[in-house]
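Quick one: the structure is below, and I'll ask about it shortly.
Each chain gets a letter, A, B, C, D and E, in the order it is written, and its residues are counted from 1.
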Amino acid sequence: MLLSQAGSNQVQAQTVPPDDGPVKVSITVSINKIYNIDTIAETYVIDGYINVGWRDPRLALRKPGQPETLIYFNDQVTQRLGSEIWWPMLEFINIIGVRSVLSRDIEIEPNGRVNYSERFSGTFASDMDFRKYPFDTQTFEIKLESFSYGDQKVVLASDKAISDQTLHEEWTFEKPKAVIGTHTYPAFTEKYSSYRMEMTGKRKHDYFLWQFFFPLFMIIISSWIIFWITDFGDQLSTAFTLMLTVVAFNFYVSTLLPRLPYNTFIEISIISGYLTISLTIFVIVVHHQVVERGYEFAAQRIAVASRWVFPLGYVVSMILAQKIFLG
Amino acid sequence: MLLSQAGSNQVQAQTVPPDDGPVKVSITVSINKIYNIDTIAETYVIDGYINVGWRDPRLALRKPGQPETLIYFNDQVTQRLGSEIWWPMLEFINIIGVRSVLSRDIEIEPNGRVNYSERFSGTFASDMDFRKYPFDTQTFEIKLESFSYGDQKVVLASDKAISDQTLHEEWTFEKPKAVIGTHTYPAFTEKYSSYRMEMTGKRKHDYFLWQFFFPLFMIIISSWIIFWITDFGDQLSTAFTLMLTVVAFNFYVSTLLPRLPYNTFIEISIISGYLTISLTIFVIVVHHQVVERGYEFAAQRIAVASRWVFPLGYVVSMILAQKIFLG
Amino acid sequence: MLLSQAGSNQVQAQTVPPDDGPVKVSITVSINKIYNIDTIAETYVIDGYINVGWRDPRLALRKPGQPETLIYFNDQVTQRLGSEIWWPMLEFINIIGVRSVLSRDIEIEPNGRVNYSERFSGTFASDMDFRKYPFDTQTFEIKLESFSYGDQKVVLASDKAISDQTLHEEWTFEKPKAVIGTHTYPAFTEKYSSYRMEMTGKRKHDYFLWQFFFPLFMIIISSWIIFWITDFGDQLSTAFTLMLTVVAFNFYVSTLLPRLPYNTFIEISIISGYLTISLTIFVIVVHHQVVERGYEFAAQRIAVASRWVFPLGYVVSMILAQKIFLG
Amino acid sequence: MLLSQAGSNQVQAQTVPPDDGPVKVSITVSINKIYNIDTIAETYVIDGYINVGWRDPRLALRKPGQPETLIYFNDQVTQRLGSEIWWPMLEFINIIGVRSVLSRDIEIEPNGRVNYSERFSGTFASDMDFRKYPFDTQTFEIKLESFSYGDQKVVLASDKAISDQTLHEEWTFEKPKAVIGTHTYPAFTEKYSSYRMEMTGKRKHDYFLWQFFFPLFMIIISSWIIFWITDFGDQLSTAFTLMLTVVAFNFYVSTLLPRLPYNTFIEISIISGYLTISLTIFVIVVHHQVVERGYEFAAQRIAVASRWVFPLGYVVSMILAQKIFLG
Amino acid sequence: MLLSQAGSNQVQAQTVPPDDGPVKVSITVSINKIYNIDTIAETYVIDGYINVGWRDPRLALRKPGQPETLIYFNDQVTQRLGSEIWWPMLEFINIIGVRSVLSRDIEIEPNGRVNYSERFSGTFASDMDFRKYPFDTQTFEIKLESFSYGDQKVVLASDKAISDQTLHEEWTFEKPKAVIGTHTYPAFTEKYSSYRMEMTGKRKHDYFLWQFFFPLFMIIISSWIIFWITDFGDQLSTAFTLMLTVVAFNFYVSTLLPRLPYNTFIEISIISGYLTISLTIFVIVVHHQVVERGYEFAAQRIAVASRWVFPLGYVVSMILAQKIFLG
């Protein structure tokens, strides 16, 4: 049937917002669970509930004898949204791919108040700053805007942002905040009202202390022992075995994080491992040459000095690194 | 067509619960298979059957000559649930993503009794405690609630919770339990009736005994041999080779579990490996220095003592660890 | 529209089986390809055809002038199954997730004979016994039952079970068998007629001979050479290098199989590697101590004996392992 | 509505082929891109276009004033195929899972000529022979047959098979060929007309030359140096370090190919590495024993001979392997 | 209903383009985010908006009293595109699989101007040249063409191509360009109007400097130290340990890039590592032989020369490699 004909006009009537001024659409996001926090892709999956409410006077008129509240479920909702029932066309801005809707319902109260509820699951993205990794704090977000209506037509408002603080075993979360703002796009003159839920989480670093820093420091402490070894061959083979071990740690760390254009604390720890062991190799070879050429006394001083300079130097540089990166 | 018109009212009539008081909805969950138990994500996939039963007097009236029981299948069910046939809007609370429905049917008995059956497959999540891993016991759950109806409208009841005890080769399961409770949400004043199926499973640890602890203990026992070696160079290279092997075990273990904020028994075993070998290196270097400086007797005592102290110390500390973690 | 009204009764009429006695439903399963045989998950993907045939007298009445056979395709079939055309509600019992249907058609012959054909692809699971791995034989299955109808209503019959014997490069398959049985569920009083297609496949082990056993035995044979080395330091470093290599094989094997509560032949081979090399280390340290303490003759005897005892002992124990595991 | 009634007969009329004799269906497959060539699963993803043409006189009758050509798009096509418009029920025989349809249209010319076009993307499988890997040539195929109509009803014809020869960076492709044949199934008496598009591709082996063979040969050449070392301990540790490196290459190769029941050229190269290094170890131990027992002259001859025999033997055996595997 | 009947003709009327001459279709692509840049598969996922505008006079006629602009959402759009509303059948040419549509709407202005907007997410492919990797620059593209209409019917025009320059943390992007062209297919005589959005991105190489080149150069610098070692055994074991480390880097690099038929800068760095260490081994063995045969002076000269030749040679060759590959 052609669009210009009478009947089709009625079917799409509810795609026009209910008011002339902007419709106030209130949003409550409630997080059920965060999972698959992927530090390589900087994404996380959120399973949550979203409740959206607004008033549409066109739905208020009811015949006497009707039930007080109309409720529609799942497929019944999908069929009516955008045709019989106007819908503010909210979209998740920072979602990756399509969200799954596990359940949805819509309640229409006698006064025309519409309450849309949905349980969703989707992958969301945020920019993460890993400079302090694994002692970092990240912000997990859900951003909502209307896909079609500028802020002349739809204005978002926040009812609440709800979540447990025990969402994920590996993180400590603060209470979520909901921020209402306005978003300008370079391509459009219209502004868009935006809703942003923010949750700040602090990574629990205990795992890394025991499974990464403890063995790494064990390796580096072992490298200080080299200066207490007298045979040059033993010194060399010990140093190179330790170097190889640091290479293994290096490859392990490359599976934890994206290929960042900056150094993180965990990478600095690896690099300092390379440096200290390389320097050790350099010193023992110099020492060896000095001995070979017969400067026994100088050799002795190098050996004794190294025994104190290396541990001290490493500890001092780690304290500095901690100050710069984590302070 | 506008909602306020007569016809549309009839179509959605069955979204109103059949009774004024709460409808009693009885649930039977029957587990067919558990698979993909993922200890990193703390999830598992359940393939099972769910049977849901309730009485809807509005469906009881039948014309003479009708078949005794009405049965609908698959798409026929989807079309009718929520429109012709009222549905309690059950949802799986602890599901990850969307469940797959393999088959479904609905039977309506002459007296209005409705029996909904579904074979589903979905990924579910539970919090797992890995402190005793791999000697741990975990609880696998399926939680059900109504998405839309508070306990004033829908009350869940458990018929049965059924499963084989041979669901998964790597676990020994106890008989499942079904628990009916009430769930309060911070965002809502309504309470929700909840159904929770619980299955307790004990991990079969034989694999880890042979593929993890056996080689790890072989490595650690080998480290005790170092004190029976007389050449310092041989001692050193042996110790560092063993250290490198423990690093390999460390990386292997990091593929088994999430990055937990606490230490597990398997990690403690690795850490004790690091400690014992590091201590060995420390002792042989001290011994070497003592020899170098000419204290032959002291060196001899260190060597002899270490031969007994290390094995004894390790065995004692492992017994303690077992007491603390597994006892 | 309410169910109790006249029209809706007619729409769902075909969900009642065509006969009073059980309907005989004949099944032919024909395997096109098996792929993704996953020994960790104990699953495999089957691409095949299923043909299901039964007689429904209600579909037999035809007007003169109609085509002899009615054929419906794909979506046309989906729309009619369960509404116009009765369907025995078959489901794959041992499927993982949902099957994909690539093509389907339904033929209705003038006498009411209905032939349903479908090309499907799905992931199926069977319990596998890996004790003899990689010399094992596994049974791949497809199990079918009616989801809704007990054996009073639907009885399955097997026409044929068809498959090539060259389904998968890594396996040798026997001719498939189809077995008709009856399945009792603890939760239901009804029995269900079941169809089970079974294909027995023998793993081709050539790959493992060359890529696993050959290098492993090379490593173990190399360990026997240790007793022909005279320097204790060389003996030690050789033994520990070999130990490290066995650890690498150990980690490789852990990627092949699930974490089984029993030992497989391939794991026993690894464990015997650990044992023989550990024992070697023990013997060379004892020998070293014996030499150190000046018992030259005893040391000589240990060395000479080990040269024969180790190879012999290993060969004997491998023959025994083979008898116990593979015999 | 019951099937035997008048109306339903008309709706499904087009499922009967347009002619009494076989309908000639011409096929053009055009490959856009090949990607994800997976040598483990022996599959590849093809993104391409398929054009299918036939004549259906029943669609030829047109009223005056109609547009010359009817075109339907995407969902419009899906709704009409098999109901209004007859469709030869083509299926991809060697597809894995379900294809995605990115776009589709159907054109009906005034004379009843129907042109169906589709852009598809799907995973296809072919048997691959890796004996010459990575110097192998493989055939990539797309096989089409009618799912429902034997060659009495539908006969396929090839218009063209089109593809760039620069489909994949890692392969050099020849011009594709389209072959029309007849396929007999053991389960059916009917024969099926089949269309097979074949593209032969030669793997570009440069990568393997530099990233696999170069380092492997470096390792093996290094092993020849062992006979120029005079100290037995140095010989041994060098040989075992090289052995460990070959093990690393072995594990790397096991990630490239399926677990084939035959040896490939790349595996033979690894095995020859194991053999040459094992033999080296054997020779140096024999040489060591000969020296130990005082046969200086014999020892000298063994050492000198080995310096020439090993390189020569390896080069000769590699030439032979190349002849046998690649010749 | 048969196609030749009157009614069906009207339903599909809008599949005929609105004008006799080519319809001008203007396109704006706006990139929201690029993620999953996969250098192995040479693909990337783009989340963006596409706005498509054209004029269809048939939609211009409006009754008085209608709303000024008609808006349809999501499913309402899907139902109307290709039936009520003509659609230019645009397709993404370089997409891999099917795109997801997150939101879509269509606005019809009173003058017949149609504005289609869509938020999409899809995997796209471009040929990438990795010769300079990780100092490379790549072009990310989105190509659009009409699936059905040649350039006699549909002509594309570019409004804008919009994107942030901070799309991905690991890349620096230039401003996007939109190019309108004409595409000829070997299989068709018709030409197609094409739209190509191009974004040039420069990889941020800092990560590789610190995580790859730094440790690799550390290894190679360490290899120069070998000539300052006097004991041949120490020289050998050091050299082979370093060789093994380069093998580890080799395997790591093979996880970064596809199996390219050409060498990249990162691979050349690895190969130069193999070469320099192999050459080192060759020189120390020659030196050892020269010493063994008593030519002390020659040996001394070799040793001293190597100390300068190796570092110099390596630096020179790296400068050359940089010139050839990156210059």
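The criterion applied here is as follows: a residue touches a chain if its C-beta (ideal position, glycine included) is under 8 Å from a C-beta of that chain, and two chains touch if they have at least 3 such contacts.
Source: prediction; values computed, not measured.
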item	value
Smallest number of contact steps required from chain A to reach chain C	2
Joint neighbours of chain D and chain C, given as chain labels	none
CA centroid of chain A to CA centroid of chain E, Å	24
Chain centre separation (chain B, chain E; CA means) in Å	39
Chain B: positions in contact with at least two other chains	233, 237, 241, 244, 248
Residues of chain C touching chain D in the complex	10-11, 13, 28, 30, 32-33, 35-36, 45, 47, 49, 51, 58-59, 61-63, 66-67, 70-76, 84-85, 100-103, 105, 108, 117, 119, 121, 160, 162, 169-170, 204, 206-208, 210-211, 214-215, 218-219, 221-222, 225, 228-231, 233-234, 237-238, 241-242, 244-245, 248-249, 252
Interfacial residue positions of chain B with respect to chain A in the complex	1-4, 6, 8-9, 12, 15-16, 41-43, 78, 81-83, 87, 89, 91-93, 95-98, 125, 127, 147-148, 185-187, 232-233, 236-237, 240-241, 243-244, 246-248, 250-251, 253-254, 258-263, 267, 271, 274, 278, 281-282, 285, 288-289, 292
